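Multiple structures follow.
Same chain, two partners: chain A is paired with chain B first, then with chain C.
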Partner chain A sequence: MEKDGISKSARLLWKLSCFFRKFIVSTLSVGPIPTHVAFIMDGNRRYAKQRNLKEGEGHNAGYLALKFMVYYCLELGIKHVTAYAFSIDNFKRSPEEVQRIMDLMVEKIEEELSEVDNTYSKMGIRIHFSGNLELLSQPTKDAVKKLMAATAKNSKVLLTICFAYTSTNEIVHAIEQTCQQKLADQMELEEPNSAGKGNHVVVKLADIEKHMYMAVAPDPDIIIRTSGESRLSNFLLWQSANCSLICFSQLWPAISFWHLLWAVLKFQRNYFYFEKKKKQI
Partner chain B sequence: MDFKKEMRILCSWIAHFGDLLLRLLWHLVHVIISLFYFTLGIANALESYLISWGVLKRYRSLHVNKLRYLAIVVESEEAYETSKIIALLQWLADIGVKHVCLYDMEGILKKSKDFILAKVDGAVLYGETHENNKLLDQTHMTLEFASFCDGKEAVAKAANVLFMKYVKSGATDQNQKGHIFTESQMTEALKTIGSGGPEPDLLLVYGPARCHLGFPAWRIRYTEIVHMGPLKSMKYGSLIKAIHKFTRVQQNYGK
Partner chain C sequence: MLSLRFAIPTANSITYPKPKPKSAGLLQNQTEIFSSGFSFSVPKRYDCKLQAAPTDVVNGKSTSVAQELSTEELPTGLKKELMPKHVAVIMDGNGRWARQRGMPPSAGHEAGVKSLREMVELCCRWGIQVLTVFAFSAENWIRPKVEVDFLLSLFERALKSEFESFAKGGIRISIIGDSSKLPTSLQKLINEVEEATKENTRLQLIVAVSYSGKYDVVQACRSIAEKAKDGEIQIEDINESLIEQELETNCTEYPYPDLLIRTSNELRVSNFLLWQLAYTELFFVRELWPDFGKEEFVDALTSYQQRQRRYGGRHS
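Then we have the complex of A and B:
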């Protein structure tokens, strides 16, 4: 009986919080809503340390926080969400920790695919992985491809997970792809060395941008970084020219709806300024 | 039938009223936020003056040698206020900052570089004397001027340099799946076209929002980005505070 009472009150509390959140979202929607929000998910290890959790539990909590954030973004009507999950520089960490992250990733993907969870599919979220995926182990690569294929038809929100990603690597990769494409085009015209002749511009800015990993989404409106740091850490450097950079002192697993709310309010304050800047470019 | 029509009218009125209420609430929230920022601005100004007067002890000792290269991003409309820029550079020289990069989107600061260099005591232009990113000159303040065209456009130019080399090298096997270029080659290509300056340790943004406004992407991988507010209300104390905060930052570069 007691248990039932607790569950009833918990359910009531949940319904109330949902209603309250919907009311806030409706109020917020009066102003402009960002199209693309990106997250630098920093502080999982420190979170685990602070709470005396087992190694790897911080990343688990971080995954849960991402799930909630995506749900809140969906409620707000944000169409693109990007999360910086694993940097190429993170491979410098101990092999055990890197392996733990890879295993967690595969485990969560399998949960999603085996309908134990499949929250993303239910919510109509398409998942895309960006980055140098060649650096991942074969099981991780296979799992990633499966998940992308499974959610390819979803269209409510595009969740881009930057894994084995750095912005400088993205730029170099885009240049490589552009050069290879230009060369292939010239070989089709049977003039393989025409590119070397003269000093005319061959590679255009638009060509490079087309081959970026992040070409799947528009440039972000907001980049949110947790754990009180104020750097981009080689994330979306190219795309963040006219983007509100917001830092929170909270560690990533402790991020909440209120943080997202504050970020959107800040974005609304500077909306016309950023629009003017975009037009200038 | 009339009842249904009346109900529809009533519902539309309720919806209209609800919409009006939400708009009112939204404006109210933003008024509250504006008041919050106004109060915060006063508090920051007060703290800034206290720092300037040397009242707050922790800001007295600055390990400025940790700040090897500083970048300043200025909102283009404010970049015309060269007197403010000169005053800011003078403050930085007094603090002991030796290497500064001035950036604005439209290149206004670039156009007035001769005037700025003449006005700032002992300032020299960052250039050929600082090859290979070695910041050698410790006696004078070195100034670099950058604009939006040193960012994405410079990367496109560097891409052409790499492409030419790639074509000339003859390694044009179409089936080549390996990586053709490396990040260090890209850095070299940027140097070749004259856009290969060093990576700033700290980037101070003077403008309405915390945003790097297209500062060359290749150079801000691990740069700390700090919003300083509008240039017209710049304060010496807030500059000290930003540099002090930077000197206490710990970076692990992904480890």
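Then we have the complex of A and C:
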């Protein structure tokens, strides 16, 4: 007997796996749970090629994998999840592929908004897009802004999707904004104080940090990268100063709860050392 | 489903030099990682080798004598055209190495210096242009004063003793980091050494002392803000290459490392060269820094040469 295209046995299996995961989660929760986990979703196209799927099916599979990972993070009590969906460097790819990704994003956003499949809203997830959104086409920009507004009130988990994002671009933007703000402050100060003290511009770390696109979330505790590559690829360079970097050889659509479990266990192992360091600083 | 065979092979985060049976246990025993079997090779002082291989510098480029030497010396399996131009190293594990042997941390740091000498020699021989090492982080100031004083005096002694070798060996030294916190004698010595070696071209050794990646970006922002205030640049002109020029790594032609090696099994960047690591290949090694030698370096380079660097694009 099928309902919504999902068989009864599949539903039963899912419920069983949820129960099993609850058991694992309650054991893990005895120790510290990371606040923020970031994912570099690498390997979608290779996944499609390996399984002889159509072009673009890899990204669909990747989207599904992300949904599951967000759900597992919700179960684990992880409050912030960030996913590297599309880099500014990815605009270098073929226009067809770029368009396919943009179309997929718009399609999924519309599904979410139209309540056909609004899983994120049901899960209480607030979605935020980080990146240079001005680089996107108008329809994509509009869809993205609509989704951010629609989910703004949710508070269980903050899912930040890095779209048209690179860390260097984020830092350039933050520096621009900081300089603008400092110059504006300087102008305000200089008027009554026209003795010309030759004030130096004082820029602090906090000034730059508050202008980052990623200022909505704390620094990540773990960055997980799939498909065997061991590099950051211009993702969260600033924020990754003291977080664990974990690489898995599996491709992104093949990621599972076990990988997250492994990452959290590694985090728990290093946690007390990190806390000691943070207190010292 | 309950099988523990999923012990997820973390592909490149911990790369073992020799294939070892990976423990299925999720929490590896700390002592197991640092098991015996390390080889401690005493590095020869590289100045003897360099005296035997004179480098004539013609028009700022090494002559074929030095080039032939570096090609010959390349170990099997490594391709010359795929060698990284800039290698960065986080020299972690000196304290732990000393603790394992019941020695004081100072002995660990001394052993670390020997390891560094070997690394510099290897880079010279294999044609690597820039080597950046993370000697002392801005966060290390909070360590016990005794250790900090020892580290700084060790650094001063090493600089003084290696000064002549560097000058003869064609090695250019640059120091990056917040030097204002360093003792005045050290600051003076640094200036002298930098000035004396600035024409050398065989290898550029960048030592990060009192350095923080975030601080680097903040000071770049500060100088850009000053320039904007003085009207030298407009806010709209601020872009990635402007920031690159203001960062402390502007002292070199290749500011972006191709390969970052971190020892002692720690999987993080620890506030080292944040901007510059955008596309760097990361390689994490189990061995502690004093145990890191030629073999481990060859493994790192072999792994690097096998990687596909796409920079966000596609190969096919």
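Details
By definition in this document, the second predicted complex is superposed on the first by the 252 of 281 C-alpha atoms of A that agree within 3 Å, B and C clash if a C-alpha of one lies under 4 Å from a C-alpha of the other, contacts with A are read in each partner's own complex, and residues count from 1 in each chain.
The working rule: a contact is a pair of C-beta atoms (placed from the backbone, for glycine too) under 8 Å apart; a residue touches a chain by one contact, two chains touch by 3 or more.
The structure presented is a predicted model; accordingly, all values stated were derived computationally and were not measured.
Once chain A is used to superpose the two complexes, chain B occupies space that clashes with chain C. In the superposed model, A:N242 lies in contact with both chain B and chain C. Within the superposed three-chain model, A:G31 lies in touch with chain B and out of touch with chain C [touch as defined at top]. Using the contact criterion defined above for the overlaid structures, shared-chain residue A:W258 touches chain C, although it does not reach chain B.
Touch criterion met: A:R93 reaches chain B and chain C at once.
In the overlay built on the shared chain, the residue A:L232 is in contact with chain B and with chain C. By the touch criterion stated above, A:K204 is placed in contact with chain B and with chain C alike. Remark: of the candidate stretches 23-31, 59-67 or 185-193 in chain C, the one overlapping chain B after superposition on chain A is 23-31. When the two complexes are laid over each other on chain A, chain A has residues 87-90, 92-93, 166-169, 171-172, 175-176, 178-180, 182-183, 201-205, 208, 229-234, 237-238, 240-246, 265, 269, 277, 280-281 in contact with both chain B and chain C. Within the complex formed with chain A, the chain B residues making contact are 22-23, 25-26, 29-30, 33-34, 76, 105-106, 148, 151-153, 155-157, 159-160, 162-164, 166-168, 172, 174, 176, 179-183, 186, 208-214, 217-218, 220-226, 249, 251, 253-255.
Listing the residues of chain A that touch chain B in their complex gives 26-28, 30-31, 87-93, 166-169, 171-172, 175-176, 178-180, 182-184, 187, 192-193, 195-196, 201-205, 208, 229-234, 237-238, 240-246, 265, 268-270, 273-274, 277, 280-281.
Per the touch definition, chain C reaches chain A in the complex via residues 6, 8-13, 26-27, 139, 142, 213-215, 217-218, 220-222, 224-226, 228-229, 235, 238-240, 243, 267-271, 274-275, 277-284, 307, 311-314. Residue ranges on chain A touching chain C, taken from their complex, read 45, 87-90, 92-94, 97, 166-169, 171-172, 175-176, 178-180, 182-183, 186, 200-205, 208, 228-234, 237-238, 240-250, 258-259, 262, 265-266, 269, 277, 280-281.
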